[in-house]
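In the two assemblies presented below, subunit A is common to both, partnered first by subunit B and then by subunit C.
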Partner chain A sequence: MHLHTLNQSPAQSQVYRQALAAMADDDCLLLIEEAVQGALPHLIGPFEGLAGRLYVLEEDLVARGLLERCDDNARVVDVEGFVSLTEQADKVLSWY
Partner chain B sequence: MNVNKANEGMNDSNIAHTSITPPSATGELLVILGHAPHGSSLLREGLDMALVAAAFGRRVSLLFMGQGCWALQPGQGEGALGQKGTQSTLEMLEMYDIDNIMVEAESLERLGLESSDLVLSVSVVDAASVQQAIASHTLVMNF
Partner chain C sequence: MRYGILLLGAPYSNQAAHSALRFARTIIARGHQLDSVFFYHEGVHNAARLAAPPQDEPHLVDGWAELQREHGVKLDVCIAAALRRGLMDEEQAGRHGKEGHSVERPFELTGLGQLVDLGLRCDRLVTFAP
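So, the complex of A and B:
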């Protein structure tokens, strides 16, 4: 499994397209920084095919007041969860 | 290396290149270039990293995606304040034996670029080949 992190909002940047193209069927995507917007129901569209493999960083949601607005299909993890995802991953790729 | 000459007969060299070094070829370092020239220094840094690794004998592959594809637009120059561009660096890749150079097809199409009109002979690859390239290289660096 490869872990892909994305830090740009899908409402602002197209880089999420590269992350999705680079993701194999068992890879996971973690939304961090401004990309946490991608976990909101209104903006989750591009990530809908990632059921169970879409994660979003709790600290970055909380900082932006977005934790309660998060879509049920995004799995909220804290920084410790981020660390354990990197431990499980063979490679980590950052898309920014 | 004369770039214009290199572009002549590009389609033929593309085919030959693909048959010798398929995109799935296993390598040690894959450098993904996703940022445009001049907007930031990321493209330059990625290319420098690739050249340094190659100079130390590593097998290096390049993958241009998204905005990084603009690096392959012919006719680039320096910035208004004299900032060096990256085209001269691309011309050096061959000297460093970096010949597995891939471009993601969808990115090219989105930007309106044609593979026959790029400064380098490249393998145009789909998403599955991108995933395979990431899996088959020991180290992947994303710039």
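So, the complex of A and C:
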């Protein structure tokens, strides 16, 4: 399993398309920084196929006042959870 | 597990450096070894010796230095990316005929070979970028 991180909002950048295209069936995606917007119900569309494999970083949601607005399909993890995901993954790929 | 971090973002310009420092501290807190942070592209500005942010903001340069002091994390700065941005240690300042220097220990100017080596040596290499 590879972990992919994305730090750009899908509302402002198309790089999420490259990330999704590069992902294998068992890969996970973690939304960090501005990309946490992708966990909002009106922006989560492109990530809906990632059921159970879509994560979003809690600290970056909190910093933007978005924690309570997350879609249920995004699994909220804190930075410890981020490190834990990197432990489980064979490789970490950053999309930016 | 052995970790390495590649940081491409300048301090205070975007979130990359803050994210990387937070990640670095958490790796160590979970008992892993962080071998080195490699500063490349705009990330070399994290090594600016004269950085003086307001006192009520996180001091990123000091934050990196603290990781080296307390946990032995190497702080490798790409020499080619640094020199063209005016970041150099005393030795390079002398070589290029410049007065003063902008990089000092624990940051070290190194080559890209160190990044390749870090990628081969570590179990995980995590990139933080603008």
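Following the convention adopted for this analysis, the second predicted complex is superposed on the first by the 96 of 96 C-alpha atoms of A that agree within 3 Å, B and C clash if a C-alpha of one lies under 4 Å from a C-alpha of the other, contacts with A are read in each partner's own complex, and residues count from 1 in each chain.
As a working rule, a contact is a pair of C-beta atoms (placed from the backbone, for glycine too) under 8 Å apart; a residue touches a chain by one contact, two chains touch by 3 or more.
Predicted model, so just to flag it, every value in this text is computed and none were measured.
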**Request:** Return first, second, both or neither, reflecting whether A:Gln14 touches subunit B, subunit C, both chains, or no partner chain.
**Result:** first
**Request:** In the overlay, answer first, second, both or neither for which of subunit B and subunit C A:Glu59 touches.
**Result:** second
**Message:** Output check: A:Glu33 vs subunit B and subunit C. Expected answer is one of first, second, both, neither. What do you get?
**Reply:** second
**Prompt:** Just subunit B (first), just subunit C (second), both, or neither: which does A:Ser94 touch?
**Reply:** both
**Message:** A:Val83 in the overlay: touching subunit B, subunit C, both, or neither? Say first, second, both or neither.
**Reply:** second
**Request:** Using the superposition on chain A described above, determine whether A:Ala24 touches subunit B (first), subunit C (second), both, or neither.
**Result:** first
**Request:** May I ask you to decide whether A:Arg75 touches subunit B, subunit C, both, or neither, giving the answer as first, second, both or neither?
**Result:** neither
**subunit C-contacting residues of subunit A that also contact subunit B** = 91, 94, 96
**subunit A to subunit B touching residues, read off their complex** = 2, 14-15, 17-18, 20-24, 27, 91, 93-96
**Parts of subunit A lying in touch with subunit C, wherever the complex brings them together** = 5, 7, 32-34, 59-60, 79-80, 82-84, 86-87, 89, 91-92, 94, 96
**Asked** Which residues of subunit B touch subunit A in the complex?
**Response** 32, 34, 65-66, 104, 106-107, 110, 127, 130-131, 134-135, 140, 142
**Contact set on subunit C toward subunit A in their complex** = 1, 3, 14-16, 19, 22-23, 26-27, 29-30, 32, 124-130
